[in-house]
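Just passing along the structure, written as structure tokens.
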Amino acid sequence: MCLGIPGQIVEIKDADEGVAMVNVSGVKREVNLGCVLPEDGNLDALMGRWTLVHVGFAMSLIDEEEARKTLEILAELGELQEELDAMQNTEVD
Amino acid sequence: MCLGIPGQIVEIKDADEGVAMVNVSGVKREVNLGCVLPEDGNLDALMGRWTLVHVGFAMSLIDEEEARKTLEILAELGELQEELDAMQNTEVD
Amino acid sequence: MKFVDEFRDPDMAKVILERIHTLVDEIPQAQDRPLQIMEVCGGHTHSIFRYGLEELLPDKIELVHGPGCPVCVLPMGRVDDCVAIAEHPDVIFTTFGDAMRVPGSKKSLQQAKAEGCDIRMVYSPMDALLLARKHPDKKVVFFGLGFETTMPSTALTLKQAEKEGINNFYLFCNHITIIPTIKAILDSPDMYIDGFLGPGHVSMVIGQAPYEFISAQYQRPLIISGFEPLDVLQSLLMVLEQLKAGEARIENQYKRIVPDGGNMQALKAVSDVFELREFFEWRGLGSIDHSGVRIRDAYAQYDAERAFALPNLKIADPKSCQCGEVLKGVIKPWQCKVFGKQCTPETPMGALMVSTEGACSAYYSYGKIDARNIA
Amino acid sequence: MKFVDEFRDPDMAKVILERIHTLVDEIPQAQDRPLQIMEVCGGHTHSIFRYGLEELLPDKIELVHGPGCPVCVLPMGRVDDCVAIAEHPDVIFTTFGDAMRVPGSKKSLQQAKAEGCDIRMVYSPMDALLLARKHPDKKVVFFGLGFETTMPSTALTLKQAEKEGINNFYLFCNHITIIPTIKAILDSPDMYIDGFLGPGHVSMVIGQAPYEFISAQYQRPLIISGFEPLDVLQSLLMVLEQLKAGEARIENQYKRIVPDGGNMQALKAVSDVFELREFFEWRGLGSIDHSGVRIRDAYAQYDAERAFALPNLKIADPKSCQCGEVLKGVIKPWQCKVFGKQCTPETPMGALMVSTEGACSAYYSYGKIDARNIA
Amino acid sequence: MTKPQRRTLKASTITMAHGAGGKAMRDLIEDVFVGTFDNENLNKLEDQARFELAELQAQGQKLAFTTDSYVVDPVEFCGGDIGTLAVNGTVNDLAVSGAIPKYLSCGMILEEGLEVSLLRRIVASMRQAADEAGVTIVTGDTKVVPKGKGDKIFINTTGIGVIAEGVNISAENCKPGDKVIVNGFVGDHGAAILNARGDLALDVELATDCQPLHGLMQAMLEVCPELHAVRDASRGGVATVLNEFAESSEVSIRLFENKIPVRDEVRGVCEILGLDALYFANEGKLVVVVPAEKTDAVLEVMKAHPAGQGSAIIGEVLEGYAGRVLVQTGFGGERILDMLVGEQLPRIC
Amino acid sequence: MTKPQRRTLKASTITMAHGAGGKAMRDLIEDVFVGTFDNENLNKLEDQARFELAELQAQGQKLAFTTDSYVVDPVEFCGGDIGTLAVNGTVNDLAVSGAIPKYLSCGMILEEGLEVSLLRRIVASMRQAADEAGVTIVTGDTKVVPKGKGDKIFINTTGIGVIAEGVNISAENCKPGDKVIVNGFVGDHGAAILNARGDLALDVELATDCQPLHGLMQAMLEVCPELHAVRDASRGGVATVLNEFAESSEVSIRLFENKIPVRDEVRGVCEILGLDALYFANEGKLVVVVPAEKTDAVLEVMKAHPAGQGSAIIGEVLEGYAGRVLVQTGFGGERILDMLVGEQLPRIC
């Protein structure tokens, strides 16, 4: 459920109403920022940020560090698996 | 102005509302009888009568006797003209 | 078709025409200049062209095509008012087909319809009332148009609306009355009319009496005339006979339809609902006193003029347009500077070019080839 | 596409799959009978079929497709209510495209549209509000549908309507909440689930805490999971790791999107506008306590349930329809008696056949060929 | 390879899905269109029909190619429906060139919400009309437009026919002295549609005259292969065709008003609404201009043909006044019969 | 005989009069249609175009005949308009049979209120597209429907082309082992229209791929006259064409998902709205099934042709599972790519 897609905030269209444009793979669409307003109210801080877009609302700001970490874990898994494979091959040989 | 066409009343559709059907050369159309209501209110007296229809209203009941008279006058004119012609021809001959 | 075909008999027409040709030579005033006989009513104009009667008449008779087409005399400002009403999104604007192509100062109703207005053609005001019943969420406005012939139907429709308590029905009243206009023509210094064919269907409502001043005050004959070719020819003959005898009476050729006293039920409905306006604007003729009616206060709730804010502007006719002179019989249609050039049925400048009853349209569409070639 | 393509890397998928294959052999309980892992969310179901993941998993893992598609669990009576609202001539009914084909007891919204209702698809509730601004003479009703993910957008839209004083906008609220339903599944006697993939986008709103009872009371692991294929595979691996270690924790695989605490701004908007219903009816699952929300009195003027008279009938699912059992994971879609016969995506009997997130539709459209041939 | 079994359409109402290219559309096409028109070319469900050119050439020298879209409201009326019209109308546009009509295409634009039962009736009418006219509907296309963006059903048919050697019928060929013939009552179709539309609340028993005319044409060509001009008097009526002839041939044409066959009921409609039957559409009437010396022979075969029993000489071609059509009234007067200006609107004055 | 001077259309808006058969309609037809398409057949204003069959036969053995109606909303969009589509769409339906497109008919259904300037632009596009495709628009028809009973403009074009001897392309001809080729990015047109329609408030620079394909087809036929199956992937997209092939040929087809060329922006639209580009309409893309041994040769000429630069092998024909289309995902998994059920609707779940 709940189709969501990452998009980058490329323009603050209406700071009063909390409306921005996001870019999803070259496609722009207006989104409402009501769920991701910065505490200081300065929307400019959102420029360039990636957000999870759902039904025309920015629902979450993407944590790029966490994204990197997730991929790192997977990469490590890959290395581990390679080692395991290597070991297995060694044993069999 | 004021296109009008003779039609024959062939059905009283709604005596209360004074609505009848007229037939114009095989074409039927509803007409309002509001301008030709009989004094005694008995619409059945209108059945079979010819009326001058204008914008969906029976505007006048046709006086068949007068129609006949008009044609008679014309017919007499024809006879008269024939006599005149005959006289003229006689003169010329 | 009974009461129609008998009055379209070509053999009989020949007889009358022969008689007309004979008679006109016996009328002294016709020998110096052609007799000017005005058919007041557009219906007669239509018949004359439809059946090609004009070219069958002696040269000593010139027909003058009068102002009796309610569409042709509709001023531009009124069309603009119609469009303004029709442009309300909650309005269904209903009209007779005749009015669709009449030019306003910016657009016709046909153009307004093409641009999205809900404009519908009806055959009867009762059909418009039916639409009001069917669409209680809409305001249904009927464009009431026409002379005394049509007033009773509109009046009875308002009465019906009142009886049923329908309160989304409105009348935009543009009914006009023919008598003041005939008087205005008779008073016009630049024209001379020898006799009139009187409007048969107006007369079936108003009867014979209202014309009496024409014979009494102006000494002109007027024949209340039917619309079939024999009716028209016979009426012309009757005019000639009076002229020959030096008489000026009101006669009724159309007795089968027109009772001498008119139609009391119709007149009652009209006077219940309508009252005379001080004046009304006619295209080409300007303002004429007491020549239109409006809705009485008792029926105010149905009055579109009160329910809608209307531009209600007096729009001058285009300068080059000579409709007024044609309507008064001062010039023939093909003598108008723009006839057949800027003004054609496809691109009418004046209303006389719109309705098939308009003298200019009739000349253009049905006219003798020679007349057209002159233009 | 950033944050998308990285998580669709086939090479990496192979690595995780290898690891899954290895690990499952090391889990004792998987050796007697296949592990039952439920992806709660239709988004996961969709990914699993879209990328053909199921056939790549070891036989010792059986995926159970849960109730997490808000369209699939929409009861017929609610669709009938939608149609009843949409049939008002002054209503513009707006909906996400997903709901168009869901069968009601008589017709779907798509059929109602074909029959003349003004039903429009929108991408966002804000687009529906825009329609209300554009059509002040119409009542614009938005069909609010979805779990916690979607509630904040609807809530903020109502707040915006209030701020602007728009009073021709209405919400037909059918938002539901996933936690009571997971609890109902765990309490169901006819099923056993070894672990869960938790709904990532719901969690980005509600955070991690609401799932704690699953580990605490029911001793089952739940991994909050993203929707890309690597997300799903990694989450499965995380479930297996817990099962192998005999643990039962709530973990968050989808940290790039889901903050542990959820989204406070979103939750605030939701709690301002909505309150829990005593119960809500789910297709196939029956009534579940506290599983839906309604509009608070403070926003009563926007509530379509109060503004329109609704049939509000409880319509029983068709007898032969086994959606409930599929939703609970008791049977596989192709084990339903009508699967692929009376019930196909073209002629869906149950909602699970309508949405591409519905388990039956997914099996039918994307399914392994063999699974389809069985049916 | 023959198709296994055709899909069936279960829906009772057309929805957008029936035009979306997927299964619903296939159901519609296979069940309703292929199922009804049912011929080798169409059944293949290819994007185009294919014929041997040699077979066509064996039947004549030229190919005739014509198109018409049909948007009549209402779609069903006394004596026919939009389907009958769509077949006969295009058959007739081929026929009047002297062609033998062979193949039709069928492009449907359906409005969301159309009842499938109505569509089936219309498609069945098309098949029946095609059979009667000896043509095959060999290729097609179906679109669905949203409710309120169409009007139940619009049909385009485009036709191919073959013209025999030596036939050269053209609006340009009218010669002074030629006679003008019409094959029966004029205005029936236009009046029947006005009546069926219902918004003028008229009630009259009047059927469309819709019929294929190629049989009549071929009969005429047998006695007079050198027919000068022929056109079916559809939209715009007899008046329009004659104006086109007069203009293209740079001649004038005189009609004899009392020779023009008009049904009493059609006259009634015209008198009530202030309309002229000469502008009314016909769907089974043609206007023929024949060399004077062949008039009797042509009229004879026309009267002997079922589609021409009411044939009558209604006018003649004159020199001069190029482009004008005149009507001689019963009184000896004359008036111009111009092309229609605007549309014919019912009027009260 | 040459016509004196053509009439001119002064109106700025289409009214019912422009479809009524009279002068207003003649103004429209002579000024806008004849004035723009301007060719011997059309200029005659006859009810049908006529060609010498001998001339056609000199160019090939078979006649191809196809029809399509175009109802796209909006009528103008990035990279083209309904006129471009109406010409290229029908040209392509001829082209994919191997035919050389020759003549088109043009049936217009205009909605009352249409701006004449818009109509002129569209008709000019048609002329331009026709010139580019080497076809002539030789016969036409124009109808006007009341405001709210149409949608600005619907166009039907029906086409005639000539197929050379020995060419036999058919959806029935796919053989196990054949390769499936597409001539470039898929889904551009569908995405561009979604974008242009504006109701989903997307904003993306994306043009229709509308282009004529007969040149590409002829180039392919030169190196491989025995092409098995070709169809343009218009409504219903590549997925639909492949399903039609699989069904007609009683084979299955396997696509390699990561070989299918899809533009980033089109992916973006799909991801946002939950749609699948394989079902998006294309207006300049064809799907070709070639015998395996000719794959390289065909691919080479395709890539060398302006209309095929992005060509790629995207799949293969298999035995068994008759009628099924499978997609092999990047993960080695497989899923069924069925025909579209209903319409593709934007979704949130």
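In order of appearance the chains are A, B, C, D, E and F, and numbering begins at 1 in each one.
Here, a residue touches a chain if its C-beta (ideal position, glycine included) is under 8 Å from a C-beta of that chain, and two chains touch if they have at least 3 such contacts.
All values reported here derive from a predicted model rather than from experimental measurement.
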Number of steps on the shortest touching-chain route linking chain A and chain B: 3
Contact pairs, highest-scoring chain pair: E-F
Distance between the centres, which are taken as Cα means, of chain D and chain C, whole angstrom: 71
Chain centre separation in whole Å, for chain F relative to chain A (CA means): 39
Distance from chain F to chain B - Cα centre to Cα centre, in angstrom: 63
Touching two or more other chains - residues of chain D: 1, 4, 42-43, 69-70, 96, 110, 123-124, 127, 146, 150, 346, 357
Touching two or more other chains - residue numbers and ranges from chain A: 1-3, 5, 24-25, 29-30, 54-56
Set of chain E residues in contact with two or more other chains: 15-17, 23-24, 200-201, 264, 267-268, 271-272, 274, 338, 341-342, 347-349
Chain C-touching residues of chain F, taken from the complex the two chains share: 10, 13-17, 23-24, 27, 112-113, 147
Residues of chain A that touch chain F when the two form their complex: 1-3, 5, 21, 24-30, 53-56
Touch list for chain B against partner chain C, complex: 1-6, 8, 17, 24-25, 29-30, 32, 34-37, 50, 52, 54-57, 59-60, 62-64, 66-67, 69-71, 73-75, 77-78, 81, 84
Contact footprint of chain F on chain C as seen in their complex: 110-111, 113-116, 346-347
Interface residues, chain C side, partner chain B - complex: 1-4, 6-7, 11-12, 15-16, 18-19, 22, 41-43, 68-70, 96, 123-127, 146-147, 149-150, 152-153, 156, 160, 199, 201-202, 204-205, 227, 230, 234, 253, 255-259, 263, 265-266, 269, 357
